[in-house]
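In this document, chain identifiers A, B, C and D correspond to the written order of the chains, with residue numbering beginning at 1 in each.
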Amino acid sequence: METKITVLEKPKLKKPILIEGLPGIGNVGRLAAGYLVNELKMKKFAELHSPHFLPLVIISDESVAQMLKCEFYYHRGKRDIVLLTGDTQSILPEGHYDVCEKIINFAKSMGCQEIITLGGFAEGQQVEEPRVIGAVSDKKLLKKYDKLGIDFGKEHTIGTIVGASGLLIGLGKNVGLDGLCLMGETVGLPLITDPKASDRVLQILVKILGIKLDLSKLEKTIKEMEEKIKQTDDIHKNMMQNIPKKDEQVRYIG
Amino acid sequence: METKITVLEKPKLKKPILIEGLPGIGNVGRLAAGYLVNELKMKKFAELHSPHFLPLVIISDESVAQMLKCEFYYHRGKRDIVLLTGDTQSILPEGHYDVCEKIINFAKSMGCQEIITLGGFAEGQQVEEPRVIGAVSDKKLLKKYDKLGIDFGKEHTIGTIVGASGLLIGLGKNVGLDGLCLMGETVGLPLITDPKASDRVLQILVKILGIKLDLSKLEKTIKEMEEKIKQTDDIHKNMMQNIPKKDEQVRYIG
Amino acid sequence: METKITVLEKPKLKKPILIEGLPGIGNVGRLAAGYLVNELKMKKFAELHSPHFLPLVIISDESVAQMLKCEFYYHRGKRDIVLLTGDTQSILPEGHYDVCEKIINFAKSMGCQEIITLGGFAEGQQVEEPRVIGAVSDKKLLKKYDKLGIDFGKEHTIGTIVGASGLLIGLGKNVGLDGLCLMGETVGLPLITDPKASDRVLQILVKILGIKLDLSKLEKTIKEMEEKIKQTDDIHKNMMQNIPKKDEQVRYIG
Amino acid sequence: METKITVLEKPKLKKPILIEGLPGIGNVGRLAAGYLVNELKMKKFAELHSPHFLPLVIISDESVAQMLKCEFYYHRGKRDIVLLTGDTQSILPEGHYDVCEKIINFAKSMGCQEIITLGGFAEGQQVEEPRVIGAVSDKKLLKKYDKLGIDFGKEHTIGTIVGASGLLIGLGKNVGLDGLCLMGETVGLPLITDPKASDRVLQILVKILGIKLDLSKLEKTIKEMEEKIKQTDDIHKNMMQNIPKKDEQVRYIG
C-alpha cells in the first residue's frame, strides 16, 4: 500500500492558499483548522490514507469503523482556500517525508502558490498571554507579514519545527511555494488541547486571509470537537507510551 | 521478498463471504476460525507469506520446519465461505497495511462482497458473561445485524480496533466490501487463550452464516489446538518482551 | 542500495549442496564453515552486500577498510559444495527475508537442490556432551538422515529457528530445495564461541558429505579465527546493547 | 520521497578528489570541512535531501526554515576538490547505505577517483596531543600516505568506522575509488566539538592536497560556526535521547 490521495470532487479554484492544521502539540493547528471548516462551511473534496499511519481503525459513536486519514477541504472567497486537517500524522520519520511530499505535489496540482501551516510551540510551562511565533520559507516574506503581530524570533528563537508543519514549508519551498508557519505558544507535553493558543493563531490567520470569523464560538466548537480529539489524542499517547516495542532485532540461533 | 499469496487450488465460489480469525487478544478470532475449519471440514486453497512476519521458522513435533504463514480455506454451503486464519500477523505497523491490502485484493478477486472479522476485546479484567461487541463498515449495516445480540456500543464504546480485524474492515470499505467485526470480551493481556469468548462469537457467526455447528466440541478442539497455539503464542510473547532491540540508531564516528 | 551478490568467478558445479554457516549463537555455524573453507582449501567466488547489515566498515590489522559481507566458496569433490559464510546477518527482521531470498535464488541458479544450515542451539546452560539437534524441510528426509546420530526432537523439542539457518530452509522448501538444519547444543547468550559444538556438527556433516576432514586441527584453527570472530562478535554485541535507539517517533510541534 | 541530489551548477573539474566532513563524534570532520569551505572560498554547487534525515526543518536566526541537507562545494586548484558537508547523516541504518551510495555515484559522475573522509575517533577520555588515525581502502595506499604522520594502527587498532566516513570508503572501493579515512582522536561522547582534533586532521589534509591554509583562524571560525553547530548538535542529541520511541509494535485486538 502506498500513501494515496483519493479525490472526491474536483473544485476549480483560483490560486488557492493551502492551510494545514494537523494533530500536534496542544492540538493548536488542528483546532484552528477544525474551526475554519465549521465556520466557513468548507466542503471536503479529498482524503489521504497512508501505511505510515497507525495500523488501526477508529470506531465512531455509531460503531462505524473509519480508517485514519487526512482530509482536504475547500472554500471559495476573496482568497480561495484548500485546508488540510485530519486524525494523525505519520508515525515513522521516513513516513513524514513521504506523506508531506504527496501533499505538496497535490497542492501544486491544485494551483497553490502559498502555504500556511498552523501549530503549537511547546514552552514547557503555562503561558498567560500566548504569542504567535512565525517562521517563513524565504526572508523576503518577513516584510509581507510584518504588521500582524507575529513574533519572528525577536524574543526567543526556535531551533526546529518537527513534523508536517515544518516539512510542508521546507518541501514546498523546494518547488516554489511561499510558506509561513504560525505557532501558538502552549504548554506542550503532556498533550493538552489549548483553545487559547488556537484563538491567537486564528486571529492572525483571518487578517492574512481577509475573512471575517466569529471567534466567540471557538470555545463552544472545541467542546463539540472534544470527544473526537480525545479519541485520537489517546491514540497518540498510546503510540508514544504504552505499546510494546516494534520491529525488534531478533536473536538468531542459526 | 514481497508479501505473496500462493494459490494451491482455484475453487469456484458464489459471492463468498470472507471470515478472518488471526492470532490476537485471547486468540478469540483464531480459535473460532480454527473450529470452523475443523467442523466444516474446510479445504485449504491458498497461503500467504510475508517479510513482515518474524524472520523464523516453526519446528513441528516431527522436526519439520514451517515458514510462518496465513492460510485461506473455503467451504461451499448456503453461503460460500473463504476463511482466513494463520500463525501470525505483521510485526511492523506498515506491514499491517501491506498484508491487509493484499488480502483484500485477493478477496475481491474471489468475488467477495462481504467480510466478517473475528477477534477479542480486551477488558483488562475477568468477564463472567462475555458479550460480543460489534463494529460495522457502514451505518446501514446496523439494521442487518440488529437482532443477533451483538452489542453495538450500547453499553460501552470501543475507541479503536488495531491490526487485521480493524484494517480489513477499513480497507475493504474503501473498495466496496461490507464489513462486520465481532469481538468477544476477554481479559486481554497477558495472552490467555479464551474459549468462552470464542464460543460467544461463534454463536453469533453461525446465525449470520445460517449454518449448524456443534459447539459442544469446542472445548475438546481447543485442547487439540492448544499445543500449536502455545507455540505461536510464545513467539508473540517473545516478540513483545524478550528480544533485544532492532534496527538501532548507530553512533557514528565519521 | 539493494542486497546484491557480486560474482567473482563462475565455477561449473554438479548439483552442488549449499552449506550455510553464518554468525549466530556460539558461532557454531560460522566456525564449522570457516574450518571447512580452510581444510578443503575452498575458493571464494561471490560476495553478498546488503543495506540490511550495520552501516559500518571493519578495519583490518593492516588498516584496510572492509564492507560487511557474506561470502560464497566452492569445492569440487564427490559432492560439489557451495559454502556460505560471512561477517554478519541482517540486523532488521524484514532484511532477513530479503537477504535469504537472494541467497536461495542464487543457490538455485547454481543448480543447488539441497541445503544444509549449521548453527547453535541455545540451552541456557553449560552442555558437557553437546548433541546435534536437527530439523528438516520435509518429513521424508528424516529417513535419509536417520543413522547419523542427529537428535530429531526425540529428547526435547525446539520451537523455532530464527534467522538465516531457519529461513533458508523455509524459503528453500518453497522453491523445491531439500533442507536440513544441524544445530550443536551450546550455552547460548552471552555470545561465547563454542568449538566443541562446532566439532560435533562437523562430525555429522562430514558423514553426510562423504569427505575426510582432520578435525584435530579445529582447536588450532579456532585460535587463528579468534581475532576476527571477536571483532564481529563485538559488533553484534554492540548492536544489541550499547547503541542508542534508532528511527524514533518524533514529537511534532506542528 | 527519495534521497535526491539537486545540482545547482555543473562545474567542469579535473579528476577532483572527494572530501567528506559530516557531523559526527567531536564534529571533527564537519569542522575541518567547514574551515576548508571558508578559507578556500569554495562554492556550493549541489544539495542532497533525504527521507532518511529527521523529519524537521531548522529555523535560522532570521526565522527562515531550512530543510536538513548535505551540501557539495567545489574548488579549483593544483588538485580540484569536491567537498561534502552538511547538517546531518542518516538516522536509520539502512538509510546510511542509501545516502552513501547516492553520494558515491554522484562523485563518480563528477570524475572523482579518490576520496578522503574526515572524522573523529572516540577515545573515551581527554587526549592531550591528539593523533590522526588512518584507514585505507586498499593496502597499496599505505605507502602513498607513509610519511605524513598518520597512525595506521601502529599504536592501537580501530575495530570499525560507523556511518558515512566508513561506508563511503567501503562503497567507493567497490566502484574503484581509492579511499583514505582520517580520524582525529577526541573524547567522543558526549558530543563536544573538538577544534584541536580538527586542526590535526587539517594539518595532514593540506599536505595531501598540496594547498596552503592559514590554520591560525581555526579558533575564530569555530566561534562563528558554533551557533549553527550547536543547533544541529541539539538535534542529534535529541534524536538519541529525549524523543519517544518510533514505529512501535502495536498490540492487536483483532
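In this text, contacts are C-beta pairs under 8 Å (C-beta built on N, C-alpha and C of every residue); 3 or more make two chains touch, one makes a residue touch a chain.
Everything numeric in this text was worked out from a predicted model, so none of it was measured.
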Give me the rotation angle that lays the C-alpha atoms of subunit A onto its copy subunit D, rounded to the nearest 5 degrees. 90
Can you tell me which chain lies farthest from subunit C, using the average of the Cα atoms as each chain's centre? A
Mind checking subunit C against subunit D and telling me if their interface is mostly the same residue numbers on each side, over half, or mostly different? different
Mind checking the centre-to-centre distance between subunit C and subunit D? Centres are C-alpha means, answer in whole Å. 35
CA centroid of subunit B to CA centroid of subunit D, Å: 49
For subunit B, residues contacting two or more additional chains: 54-56, 91-94, 96, 160-163, 166, 181, 239-240, 244-252
Help me check something: in the complex, which residues belonging to subunit C touch subunit B? 54-56, 90-94, 96-98, 100-101, 134-139, 142, 152-153, 157-163, 166-167, 169-171, 173-174, 179, 181, 239-241, 243-248
Sites on subunit B touched by subunit C in the complex: 1, 6, 49, 51-52, 54-59, 61-67, 91-92, 95, 231, 234-235, 244-252
